[in-house]
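Every chain is named by a letter (A, B, C and D) in the order it is written, and numbering of its residues begins at 1.
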Amino acid sequence: MRMKIDVTLDYGLESPGPALLLVEAAGVQGQILNRASIDLGQPLKSARVPGEEGIGERLILRLEDSLTCRYSAEVEVTRPQPDLQRLSAVEVEDMPGDALRYMLPSRYCPAERFGHFVASRFEGLTGGPLVAALRDWVERNLDYVSGASDGDTTAADTFLDRRGVCRDYAHLMISLCRAAQIPARIASVYAPPVDPQDFHAVVQVYLDHDWHLVDPTGMARADQMALVAVGRDATDVAFLTTTSVAELKTQLVEVSEV
Amino acid sequence: MRMKIDVTLDYGLESPGPALLLVEAAGVQGQILNRASIDLGQPLKSARVPGEEGIGERLILRLEDSLTCRYSAEVEVTRPQPDLQRLSAVEVEDMPGDALRYMLPSRYCPAERFGHFVASRFEGLTGGPLVAALRDWVERNLDYVSGASDGDTTAADTFLDRRGVCRDYAHLMISLCRAAQIPARIASVYAPPVDPQDFHAVVQVYLDHDWHLVDPTGMARADQMALVAVGRDATDVAFLTTTSVAELKTQLVEVSEV
Amino acid sequence: MRMKIDVTLDYGLESPGPALLLVEAAGVQGQILNRASIDLGQPLKSARVPGEEGIGERLILRLEDSLTCRYSAEVEVTRPQPDLQRLSAVEVEDMPGDALRYMLPSRYCPAERFGHFVASRFEGLTGGPLVAALRDWVERNLDYVSGASDGDTTAADTFLDRRGVCRDYAHLMISLCRAAQIPARIASVYAPPVDPQDFHAVVQVYLDHDWHLVDPTGMARADQMALVAVGRDATDVAFLTTTSVAELKTQLVEVSEV
Amino acid sequence: MRMKIDVTLDYGLESPGPALLLVEAAGVQGQILNRASIDLGQPLKSARVPGEEGIGERLILRLEDSLTCRYSAEVEVTRPQPDLQRLSAVEVEDMPGDALRYMLPSRYCPAERFGHFVASRFEGLTGGPLVAALRDWVERNLDYVSGASDGDTTAADTFLDRRGVCRDYAHLMISLCRAAQIPARIASVYAPPVDPQDFHAVVQVYLDHDWHLVDPTGMARADQMALVAVGRDATDVAFLTTTSVAELKTQLVEVSEV
């Protein structure tokens, strides 16, 4: 599947300072960047560093009073949609350090607290079938409500509030997976079916010695996603991190199949 | 400085399962391992993966009903005590990705919430002198009280409760540093002056393009510490992580200058 | 039903100061105090004030370095066990202020957060049948585990952790009831079937223009309870509140049918 | 001082249901209601119950799809501004139950956590002089920032965030007073100097056997306030409580000296 991505960001900043930007489709296996261009206006300075796990790149910008970004790309997605039912769990002693890390609790994913719930509600399931059941539970039990959560909302909050947006769905599913000793991390992606179109957050689970993309909101399939970045939770994959207060003027994400 | 480290752990486990152990002094610049040995009894299986940032190693153990560990080592510490007053801040656009990561909030270090306090209380300070002032503030305003905190205690809690143990001191200082855009991470160490002797947690700050060890409890100097592991916060450097309930039988840490 | 109550408390105090004690069976409709005596040793000063809603009495003690209390009573319980299925909800505009107050969230009972869960899971039920269903859900989904909670544990925590002690059961059921606009408050009681014997916390719900005792742990019936005090949550009915750190030496609660 | 109060509320409701309204100046000592009128449009049903401590009245309304309220009153305030420096603390054993209640922690005021801070920072002070020092500390250390807090913000949050609105100032000062064993409660008031004009929240402290109004934002004096209601914290004195989502159309508060 081939998709066209166009992003326009225009923010005013209360005071000069640095910003992190994480919006470019990553050059990784499973997707081919046919073309990509980014125009960042006139930052005072800029630099690039690799994203978490070497996936994608963080753009560091030193800004004066505004941030502008025009990003345009065409990505061909070659990865298949995983068949979770056929994937098996990896024993912890066979995991690389890069997977092990994603079994631990993190800021928005207090996984250790979900142990009792997962053990009693999903008894008997393991590996991919368990992940599929966890994904289904999250989709069935949450309502997608914009504005129902904010930057402090953890998976523990979402478990109680029963609503949220894509990052809340992702945090809850990640927490459930980790509670079941299945490595899980957040992934920011572009995907044409996301409605309304926006930056999107989904889950990567580690099964059968590889990472697999799963969308607990049910909006997109793995073969419809262009991967931007991964991390422990939303902290690591925020498309924009600033120290100054940033005032939104324009934020436009357009993703379409071509 | 040369130190001798002897650790004895003996835990009973409620049910079989995996465990992570992170107790060995790391092979890193600034310290030389003269000798080291570890005896883990008879785990069903075991494996080793690198710790965070490739520092130290996590031991993965698959256990039946108990964990035993005898670790013994002699370490020569060659790193100097940093003179914080002479170290300058690194501009964010000059930071490597491995430092940038430690400017972000994490589970126990909700750094974004400390911005107002740091900006108003420590106005005008930057770089090493600011880090020194933050370190002093933490030491002066906290009381070291065993049992005053637990595995849920964040730096926000400690800021209010004004007491805690070494990990709480570390989390609070890390949060203050990150709020000031100075990368800071937790470091687990052995240090002879720690009283009572135990696993110890301190802070590493990124100044002048390098990481520097600082102990906000004031118990140890950088040239008295054998580094074990680093990470975003206590989640990453716990000496023992189990999924089963672990019952402590023996936990003995002996560290002495030789 | 007639019960004999014997309580022995013996605490050491780190520093002199006041304490609140709330351990005496209340003189209220539904129970008759055949006899009652309390020996508080030698407090520097003492006073009595009414408990919340005029039910029971708080003992104020000014203490030096210890608290001792011997309380002994015989209570005849005459209230019947309510048949929840036959009780109907009271319209909010018909509620007295004393009931209305117990529809609001409180410290341990963030009731407003349970609205979505209650509305979707218990759709169609009202009044007593709804209360019965909420009570059953709490009993079925929680495990009674001593030490699994502490003085910071809210009903939101318990909803996730799925375990706790009597006060956690009570806080969760209270939160669910209030989320359904049914006034609910905590009640501290003595009850012979409680095992192991201890101070016990249950729920009072306001249905059919009266308050009814319900035990979400399933350990006791309303006709087996001697009521001590009521309140918004555990804050109001703690058997002992001190400002100094109190060290437990003896705490013995014996309740038996006679 | 005489003041004129005019309040206009106009809300749309997502679904029919009950609402609590708490906007009328109370008939209490220290203020005389020269005239008062309230027009609530056409609620399906309505009732009145006393507010907390019998101060003021809660209006219970059963609404269809909107809430409208026009409240107009003229109040003569006769209470003097208290001279905190001359007021002494009341011993806990001399307190009535109605004061004792306000020494306990509550939902937004986790007072027990402020004990260490108050004891170390305000050592040696008691009674009115301590209250004055706590009031001054809150005013000096917080910034008044609209939108910096929300309905979940506790005094522990505000202590860290260092900013908020009147209710946050009040919650923090209440928590500090209770931590010092001085009964303190929230009071909702009208006061002409409040800028921008709005419902206002201040603190009542119990000193010298009476309650005294204190405004930690520094905007109003006790002799400039018309008291509406009191309670443990904002939960008890919200001007509007609904179960349905309420959409603000008009909310106008005009208070002027006449």
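Just so it is clear, a contact is a pair of C-beta atoms (placed from the backbone, for glycine too) under 8 Å apart; a residue touches a chain by one contact, two chains touch by 3 or more.
Predicted model only: the values in this text are computed from it and were never measured.
Considering the contact criterion stated above, no chain is in touch with subunit A and with subunit B alike. As a whole-number value, the distance joining the C-alpha centres of subunit A and subunit D reads 43 Å. In subunit D, no residue touches at least two other chains. A complete list of chain pairs in contact reads A-B, A-C, B-D, C-D. Chain contact summary for the complex, subunit D toward subunit C: residues 18, 20, 45-47, 49-52, 58, 60-62, 91-97, 100-101, 104-107, 110, 115, 181, 235-236, 241, 243. The touching residues of subunit B, counted against subunit D in their complex, run 113-114, 116-117, 120, 143, 156, 159-163.
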